[in-house]
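Okay, so subunit A shows up in both of these, paired with subunit B first and subunit C after.
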Partner chain A sequence: EIGCRVQFTEYIQKNVALYQFRNGIPLTTAAAANFTRGELATALRKNPYQVNVLMAGYDKEIGPSLYYIDYIATLHKVDRGAFGYGSYFCLAMMDRHYHSGMTVEEAIDLVDKCILEIRSRLVVAPPNFVIKIVDKDGAREYAWRESVKPDATA
Partner chain B sequence: MSIFEYNGSALVAMVGKNCFAIASDRRLGVQLQTIATDFQRISKVHDRLFIGLSGLATDAQTLHQRLMFRHKLYQLREERDMKPETFASLVSALLYEKRFGPYFCQPVIAGLSDDDKPFICTTDSIGAKELAKDFVVAGTAGDSLYGACEAMFKPDMEPEELFETLSQALLASVDRDCLSGWGGHIYIVTPTEVKECTLKGRMD
Partner chain C sequence: MARYDRAITVFSPDGHLFQVEYALEAVRKGNAAVGVRGTDTVVLGVEKKSAAKLQDSRLSVRKIVNLDNHIALACAGLKADARVLINRARIECQSHRLTVEDPVTVEYITRYIAGLQQKYTQSGGVRPFGLSTLIIGFDPYTGVPSLYQTDPSGTFSAWKANATGRNSNSIREFLEKNYKETSGQETIKLAIRALLEVVESGGKNIEVAVMTKDQGLRQLEESEIDGIVAEIEAEKAAAEAAKKGPARDA
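== the complex of A and B ==
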């Protein structure tokens, strides 16, 4: 849900930053994912967050990792993940085309295939997509895939 | 749909001659969708005690963390490992604490107690213990597992035969349940060693 999403993810972001300030070293991806799961699990039986999370990170010794965290705080480390109605199509595409050790170009190609599937198969497909990459040089916006350009006057 | 059937699971533990085996499936699903095929349901408490948690995955993970915490604290205070019977009582107590807002989990506890006697036990989601001499089952495939185990079980099996029997019982049962499967994990524990194997079954 939109309200929860912004509030919860900012909360996680700020706590991850706080850890780095307090301890001088950044949280590993696994630790951040477990922290996120803990927050979701604690809130689950009081005032649940309706937020699904895919957490991707790069650690120097471990390399890249991806964590799937459900809104009911199910945590699992995965190679590929997706949420929402489009996930049915994306997971199928990824099951077919993914292999470990893909290059960035191959991965972007796979992402584009997934976006194509969502656009053609999903009735409620969103018009625009952003692709972000996380690697040893950090997290950055890589590209947009837009079918509707934002209004210049808006 | 029942909350116990949200993620899908199959767990079984069986007693042999001075050994036990505990096995689970590997699927993590969200209702009809499969998220992962390498989900670990069974964890080691100590060398002679294993616990498997079926049911809702988030509660299984929370309960697992709480149990590991309690056991580590026990190890620090008592300077020894917990006996399986004691651990089963701990699990039961933790579950009953949440009697009116329970963890949606069904644990299966398997361990070697004094004199290397195998001990298996399961509880329901509010901590009612069921001690059995032969086998215990849990999860969405539980009913099928009861049938398969009842048919294939023999008392006093050696580890190799126990492994074969349990693997076949698990694979046969999960094939009849759409919410569990995608292979299996099995641990065979004797007083001297712990063997862990991954089973290849129907991947559907």
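== the complex of A and C ==
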């Protein structure tokens, strides 16, 4: 849900920042993922957030990690994950082509394969995609895959 | 008179709130803290009590703290009270970012902290916070540096340079005599010179932090402080020699 997504993720963002100021060190990815799951779990039987989260982070000693957190507060550490209508297609592609120790180029290539699948298989495929990378230098936008450019006159 | 200092909510006949005044006494006994505002830099310095032999000073809490990326705080007085205020201020900084999608201005967070301190002068069964704070920061959009001070009564004001805690009057006098618009390293030197008026010289007795618009808060290493103190002492010695020199010739 769009409203839940913005509210919830911003709330998590600010609490992660607060932790850093209070304690002088940033939250580890695992800790942030567990905190997020905890918030979802607490709200679940009162006022559930309809938000699915894939949380990616980089820790100095551990390296990169990815967490799958769904709207009923499932938490799982994964190598690859997907949410949404196109998830089955993506997961199938990743099962076929993923191997551990892939380079950035190989990973982007796999992402592009997934995007191609979504575009060709899904009736309600979204037109545009953004690819972001998380590594020792932080999180940043890497590329866009646009099939419909934003309207200049709109 | 003594009857009017029991509960905080009671005025004395001559219009004093004794608990607030006693809180100000507590501040006057606390370690000295000084703040100096430059054109592009704001500096905070605090007196550091020498650590006991067995105390692990690497892990001990620093006295100058970040409230947000662009705001820092130092205080004089009851350090335990400080932890509570600092925690509430940090939460408010993030809460403000969440609700209005903007970082706080220095004035806003000063007003918030002062408001908290005031609340505790007008409630039953509580005592005021026994500390005065020096708050520095840069306005998130205009980039203008600021220095504010709050005290246990809940008043706050903006300053070009100020001191609080032990011997703050002497430091303030020194600042009034020697303040001029400075930037960068000069601002740091002025702050350390002011603090050296009342503190034994040496990096292990002073803690200094510098805030700039682009780099946020930077705590100075002991060696760096020692270096600047040495510079200051050399300048002082040169000034003394210059004063004596011509007199001897004449």
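In the analysis below, the second predicted complex is superposed on the first by the 154 of 154 C-alpha atoms of A that agree within 3 Å, B and C clash if a C-alpha of one lies under 4 Å from a C-alpha of the other, contacts with A are read in each partner's own complex, and residues count from 1 in each chain.
What we mean here is this: a residue touches a chain if its C-beta (ideal position, glycine included) is under 8 Å from a C-beta of that chain, and two chains touch if they have at least 3 such contacts.
For clarity, every value in this text was computed on a predicted model and none was experimentally measured.
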Subunit C versus subunit B on the shared subunit A, clash or fit after superposition: fit
Per-residue contact with subunit A, leading partner among subunit C and subunit B: B
First (subunit B), second (subunit C), both or neither touched by A:Y11: second
Which superposed partner A:S87 touches (first subunit B, second subunit C, both, neither): first
First (subunit B), second (subunit C), both or neither touched by A:M102: neither
First (subunit B), second (subunit C), both or neither touched by A:A73: first
Partner chain in contact with A:F21 - subunit B first, subunit C second, else both or neither: second
Partner chain in contact with A:I62 - subunit B first, subunit C second, else both or neither: neither
Angular separation of subunit B and subunit C about subunit A, which is computed from CA centres of the superposed model and rounded to the nearest 10 °: 100
Touching partner for A:L116 - first (subunit B), second (subunit C), both, neither: neither
Distance in angstrom between the closest Cα atoms of subunit C and subunit B, superposition on A: 26
Doubly contacted subunit A residues - partners subunit C and subunit B: none
Subunit C residues within the subunit A interface of the complex: 66-68, 87, 90-91, 93-95, 97-98
Parts of subunit A lying in touch with subunit C, wherever the complex brings them together: 10-11, 14-15, 17-18, 21-22
Residue ranges of subunit B in contact with subunit A within the complex: 7, 28, 30, 33, 35-36, 39, 56-58, 61-62, 101
List of subunit A residues in touch with subunit B within their complex: 37, 41, 44-45, 68, 70, 72-76, 78, 81, 87-88, 91
